[in-house]
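Per-chain numbering from 1; labels A, B, C, D, E and F assigned in written order.
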Amino acid sequence: MDPRLQYPVTVETPDPLFARQLQQAIGGIEGEIRVCLQYFFQAWGARGPNTKYRDMLLHTATEEIGHIEMLATAVALNLENAPLSLQESSAAASPVVNAVMGGERPKHVVEGMLQKHLLSTGLAAFPGNSDGLPFDCSHIYASGNLAADMYSNIAAESTGRLLAVRLYNAAKDPGMKDMLSFLIARDTMHQNQWHAVVEELGGLQGALPIPNSFDQSLEKQEFSYAYIGSAKDGTSPPEGRWTQGPSIDGKGTFSAVQNVPLGQVPVLGPAREGSGAQVEQIGKSASGMTEI
Amino acid sequence: MDPRLQYPVTVETPDPLFARQLQQAIGGIEGEIRVCLQYFFQAWGARGPNTKYRDMLLHTATEEIGHIEMLATAVALNLENAPLSLQESSAAASPVVNAVMGGERPKHVVEGMLQKHLLSTGLAAFPGNSDGLPFDCSHIYASGNLAADMYSNIAAESTGRLLAVRLYNAAKDPGMKDMLSFLIARDTMHQNQWHAVVEELGGLQGALPIPNSFDQSLEKQEFSYAYIGSAKDGTSPPEGRWTQGPSIDGKGTFSAVQNVPLGQVPVLGPAREGSGAQVEQIGKSASGMTEI
Amino acid sequence: MDPRLQYPVTVETPDPLFARQLQQAIGGIEGEIRVCLQYFFQAWGARGPNTKYRDMLLHTATEEIGHIEMLATAVALNLENAPLSLQESSAAASPVVNAVMGGERPKHVVEGMLQKHLLSTGLAAFPGNSDGLPFDCSHIYASGNLAADMYSNIAAESTGRLLAVRLYNAAKDPGMKDMLSFLIARDTMHQNQWHAVVEELGGLQGALPIPNSFDQSLEKQEFSYAYIGSAKDGTSPPEGRWTQGPSIDGKGTFSAVQNVPLGQVPVLGPAREGSGAQVEQIGKSASGMTEI
Amino acid sequence: MDPRLQYPVTVETPDPLFARQLQQAIGGIEGEIRVCLQYFFQAWGARGPNTKYRDMLLHTATEEIGHIEMLATAVALNLENAPLSLQESSAAASPVVNAVMGGERPKHVVEGMLQKHLLSTGLAAFPGNSDGLPFDCSHIYASGNLAADMYSNIAAESTGRLLAVRLYNAAKDPGMKDMLSFLIARDTMHQNQWHAVVEELGGLQGALPIPNSFDQSLEKQEFSYAYIGSAKDGTSPPEGRWTQGPSIDGKGTFSAVQNVPLGQVPVLGPAREGSGAQVEQIGKSASGMTEI
Amino acid sequence: MDPRLQYPVTVETPDPLFARQLQQAIGGIEGEIRVCLQYFFQAWGARGPNTKYRDMLLHTATEEIGHIEMLATAVALNLENAPLSLQESSAAASPVVNAVMGGERPKHVVEGMLQKHLLSTGLAAFPGNSDGLPFDCSHIYASGNLAADMYSNIAAESTGRLLAVRLYNAAKDPGMKDMLSFLIARDTMHQNQWHAVVEELGGLQGALPIPNSFDQSLEKQEFSYAYIGSAKDGTSPPEGRWTQGPSIDGKGTFSAVQNVPLGQVPVLGPAREGSGAQVEQIGKSASGMTEI
Amino acid sequence: MDPRLQYPVTVETPDPLFARQLQQAIGGIEGEIRVCLQYFFQAWGARGPNTKYRDMLLHTATEEIGHIEMLATAVALNLENAPLSLQESSAAASPVVNAVMGGERPKHVVEGMLQKHLLSTGLAAFPGNSDGLPFDCSHIYASGNLAADMYSNIAAESTGRLLAVRLYNAAKDPGMKDMLSFLIARDTMHQNQWHAVVEELGGLQGALPIPNSFDQSLEKQEFSYAYIGSAKDGTSPPEGRWTQGPSIDGKGTFSAVQNVPLGQVPVLGPAREGSGAQVEQIGKSASGMTEI
């Protein structure tokens, strides 16, 4: 534990709406709690004598705690002086104040704030997103398969950097832009980092299809590399890299086919007596006799 | 709408525990509702005059409806004759019956069932997972960035095929193994398909870092390709492809550094009067005077 | 507040699996917390000078508190002597005990229990369902439209009585069967009660389509009473009361038609600069020039 | 799969607040994802040789996919040109712009938007409601009882049409009003359609009480048709159709009675040793002796 | 059931934003549904012959129903005349109206409202919080341990009074301030009430550590009263009452120590064949031979 | 980051049901993720120049990460050799094996496992509870009021130690008992620690009622120290410390009173035209005339 932040966090002009937007980077599904816990749980479940990936994950998970801290600090700083009531809010938005501030003052007041910031946290961050939804740990993907986990991580860091870029574009305060330029750089690294693990695992041809421990002769291979279209009028589906050439995993050839149902019309057995169905579903009429 | 299934679904020996396990493939986060809705929402939000990716996504989303239908049918077939009460269950598990069946008969009875199958659905499937949790649409990733979406899709199909393989390994019934061998093959295709789109978008070097529309000169580039270790004793972090050589996106060089906090010890302003803090946090004592 | 239960609750042979099943009637979506809060919120939001429906709802909401209490008591009684560990559980399931009890003793032990009963509640009920999911108040339907609310109530009491019947069929203990026979009777009444309100509101022809305050000349009436089929091979959809004869609301005539898309192929504008899309979606290449 | 929309969707004046409101019709509990999946799961679980209801449900479920698509398109069109930052937003709301636009231009800017539209979807729809809550599939009601399901459907379409009417009243754009007038008409049909199934199933007298397969002689019939009041001062509950006359199911006569607790004061056994209670609850004092 | 409110609820100037804020006191985690159900479930699970605590809890739970009713009424009154559309909203906010109303009229219009109030409830309360999140009954803490429950109740009433104070500070309407001054007083009582139970249970020294039925000689007592610091640079943690003097429970002496890992580097077994891992995790290469 | 565990974690006899039970201590509402994030967010939002409490919270939050790691490791170790299918499970439970193992071998096999351990995590821990529910961060209580937070922490550590004791009692493996005896000791400390902060803040008389920054003359003080009973028959509520003597906060005197409704019968205005109500609620008949 070190009391200092990983990178400086400063706010010149507090803005409660930006505090709200930053919450997405804390507790949104693209946010830092998600990647932090995801890397921890992947590490803690890593099996086998080679602990290299476990250690690598632990270092990066630890780094992510620092990112949550930076963002939580930024939220609190943006909530300094946020209006505690509509009256404060209206006063702050008065034309006179506006004129003095040159129209640059944040105007989104009580209405635009997350009410949770005002009513539940006392002007501080919470582990939820920019629309007030608490983070839900079902978004922690740790599958027990190293390659699948790497793609979950790439997906997380892709949406994470995307979010950070959107926040950068929405930000006006120079301190916030600076903080976000650091977080964007770290997401650049992390996107690269997880791809680097895939490369170590043999790249696309070695790792795919995931899991690579399943004997492909057991799958219905005539369907393994076919793009299936289902246009009602029978026209061909759109062509692309996925309809021709060798498959990306190097183990087949792409093709395009039109969907044809191969299965039966499913017929389930009648409802059972005692299962709570209507009598008609059991094959009786209400008077107990006739089959439908 | 076609009443036939996409692929045959048959069950020789109904098994209510396997019905439970199959739910994960319907309404788990690795399941088919997720990919179905994910591809639909990615398609419906696809922007720009070139509708090729929109169409491709719609075809595959449509295919996934058929997968949900197959699995829902499989769940219902595995619940045929499931015990409606503990008494039925105990009778079924009696030693005599066991002996006759050669010990191969499914024994997991009422205790092992999802109670929801018995009490809420009348022995049919529902849109939730194998521990009874309903599917939550926050898992539909559609970000507005095509490359980020592709990696969300690759992650989904990686965990999806992983789940299908685990179900295949857990299954005993030949009809279920056959159905799963088809679904595994389709997941093979879909993993390849989304990677093929990335290839069309310029591959790793063209698409990364995601989003590629952000000017990298605006990020703190000294941190863009550095693996940060944080060992308490200062030892170096584990080496790997991510600590040396050109970065995967071709735009930098990997390095490894030790974490050093660069920021300040954060000090927030005192709590405001009227914000509901204790008086001590506002900088008063309870008697209204002394600062802490 | 009256300390007595609304109806006697007794358990001869405690059964921790039945405790688990009863939870569905407390905190399942078909359960008593739902109807209790639903009727309260409908009452508290009832508008207008005539408070008759408000009062009626309050009386029934109050009754439902008593039902939750009965069920919570039943859960606690069924958890008396539940095993606190696997060792206790195994001992209880030993052949000797089984023989003495004539094979009729509840055998589902620690494995079949809701772990929450053991670990979180200390052998008592909680406001969640039989698979451990907490009740979520989004299931409280109170729409501000009296007729819509009545149908939400009918739906709730239909699934509620269905659940109570399934529990009755699953139960063995005579005290539990007696308690459930009371709750089933009350659900019979409540199904009838809400239908009676619809009758007062003019019946199907007066109340439908809900809301009846919308001028139907403003809806696209050529689609108001047509059953739309979408068979891929163009065959007609299944015939029934919904394809012919006067509509149930008495304001039109049913027909059956084949689906024909009437709208355009949707084309959204390109992604905007600054919105975080890939450059290709903005209509540039990565080098900034070519449109896709 | 057909790339055309079921009905035209056009937006003259994009309005990001209306985009927000439309989300309720996509991913709210009254929305289209709910009915779509509800009809699919009811169909996939339909038991018995007569597949008529299964097929009817599949056709309507398929239709609902088209409704989601229309609404998702409408959301994206309403988000065209939505402000990406507060600065854009303030500029758009400047008095000069206002004057030019005649005061009719949508003014709700960044503050009024769902932040998710800006930060997570890139100006497109998502499967959640107008306050940002993701759709939760516990709202898919498919009970295994056909009549109960019909009332769940009637409830869904009643709140669905109610929502569509509210959106129609809130809308200003002629394209949006036109789209909603179509959806309102379809909800009119679907309300009628599910009532038509009830009529086929014998109407209220044949279908009620649901499930009609439970022998009513097993319920405590003295409580089956009695409205129970619980006024603290003993005054009679409000009279209505539910306190007199034949019951709606034709199987009893309504009456009104005052609530009288019939059960015991419940007394649970003491807490068990090892169950984690305080010593006083186990019937000891902290020093191990005295009963409380 | 008594149709009168527990305390008068009046609103002079309806304010839809304040309606939104009040929702937190209904369905927020600090709100009244939570304490109401919490006290009920604690009562219904209370074990042992002494029913005193059960009864006390039931009385207070009953009181809380009245609080929900007051707040739901207040929400509905604050939503009287709320704008149903943006046009209504803009008209209401016009400068002329503003001038007439002396700038005191609530200006937060459609944008600031909870859309749920407009679209789903018809201008009435619902069981969710001020950001639209439905109440989730996992927040009902009823542990089976009386002392633990008292601290859950103290926590609930502490955040509850805190919320009521924040609402009081944010309120302008005299009727709302009056209503809140009553609720604040009741929270004062309830904070005191649960502390009084702890005092009856022996106070801090009798009740702690909770549960007091566990033999402390079985815990690793060298860690039972030590504050553990983990400063990276080895500096001592902050001193306070928790680092010195007798422990609060009177059973030990506080100290401060520096964290030292006492355990091993964890090494899990390799992934099993058939568990879906990559081949490298199982200890094979993709070609089936080399250990990693 | 230190790769060693805080305390040794060993498992002699892996037991997949115990793995399931341990999940409650990781991702249950009484578990370690909750306290870890709760202390972090309280620290990150701590306001004012005195950073002592912020630092103290950070140290303890850091300690809790180590607890999650211990438990996650324990889960993975208990899942070693868990059956991957029913066949494996049945073989393991055969009488012969049972006899050899002396009946002491864990018998709860596939049926008793969390399916998530098998299907989603590959035999490792996840951030959810023992019934499979993911942890939901709405349980992170950080209110901005230091004293309220301390009571949330006391409540968390009370239920936390209660859970650890129940797990200790349920455990058989000596390694698990040893690990739990350490965690129980730490919970003893943390209960004491948060009480010590309250003592520093002036104890019950200084800190209560929370928040102590609200002027009590503004609350309706005649209700501030009265226990309100609501027995239907008017009998007095149960007496206790809460009905007599000085209040715990030293600012009043307890009394007991009988509940009397003080408010009006609430009458809301009629539903508005355009709000989607039935015509009868607006005060018209369906034909547009009669008031109800």
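Rule of thumb we're sticking to: a residue touches a chain if its C-beta (ideal position, glycine included) is under 8 Å from a C-beta of that chain, and two chains touch if they have at least 3 such contacts.
Bear in mind the structure is a predicted one, so any value in this text is a computation, not a measurement.
Student: Which chains are shared contacts of subunit A and subunit D?
Tutor: Both-contact set = B, C, E, F.
Student: With over half of the numbers shared counting as same, classify the subunit A/subunit B interface as same or different.
Tutor: same
Student: With chain centres defined as mean CA positions, report which chain is farthest from subunit D.
Tutor: Result for max centroid distance from subunit D is chain F.
Student: Hey, what angle do you get rotating subunit B onto subunit C on C-alpha, to the nearest 5 degrees?
Tutor: Angle of rotation between the two copies: 120 degrees.
Student: Just the number, please: Cα centre separation of subunit C and subunit D in whole Å.
Tutor: 10
Student: Hey, how far is the Cα centre of subunit A from the one of subunit C, in Å?
Tutor: Averaging C-alpha atoms per chain gives centres 30 Å apart.
Student: For subunit A, write out the residues touching at least two other chains, lowest number first.
Tutor: Residue numbers touching two or more other chains: 1-3, 29-30, 44-45, 47, 51, 55, 59, 62, 69, 73, 76, 84, 111-112, 120, 122-124, 131-134, 136, 138, 143-145, 147, 159, 162-163, 165-166, 169, 210-211, 214, 229-232, 265-266, 268-269, 271, 274-277.
Student: Graph of touching chains, which shape: line, ring, star, complete, other?
Tutor: Its topology is that of a complete graph.
Student: For subunit F, which residues count as touching subunit B in their complex?
Tutor: Residues 1-2, 44-51, 84-87, 90, 94, 110-112, 114-116, 118-120, 131-134, 143-147, 201-202, 206-207, 210-214 of subunit F touch subunit B in their complex.
Student: Which positions of subunit F touch subunit D when the two form their complex?
Tutor: My answer: residues 162-163, 165-166, 169, 232, 274-276.
Student: In their shared complex, at which residues does subunit A touch subunit F?
Tutor: 1, 3, 27, 33, 37, 40-41, 44-45, 47, 51, 54-55, 58-59, 62, 65, 68-69, 72-73, 76, 120-128, 134-138, 140, 142-145
Student: Which stretch or stretches of subunit B touch subunit F in the complex?
Tutor: My answer: residues 15, 17-18, 20-21, 24, 28-30, 103, 106-108, 111-112, 129-133, 159, 163, 166-167, 169-172, 229-233, 265-271, 273, 275-283, 286, 292.
Student: Under the definition above, what is the set of subunit F residues touching subunit E in their complex?
Tutor: Residues 2-9, 29-30, 52-53, 55-56, 59-60, 62-63, 66, 69-70, 73, 76-77, 80-81, 84, 122-124, 133, 136, 138-139, 141, 143-145, 147-148, 151-152, 154-155, 158-159, 161-162, 165, 168, 181-182, 184-189, 191-193, 195-197, 199-200, 204, 208-211, 214, 216, 218-231, 237-238, 240-242, 247-249, 252, 254, 259, 261-266, 268-269, 271-272, 274-277 of subunit F touch subunit E in their complex.
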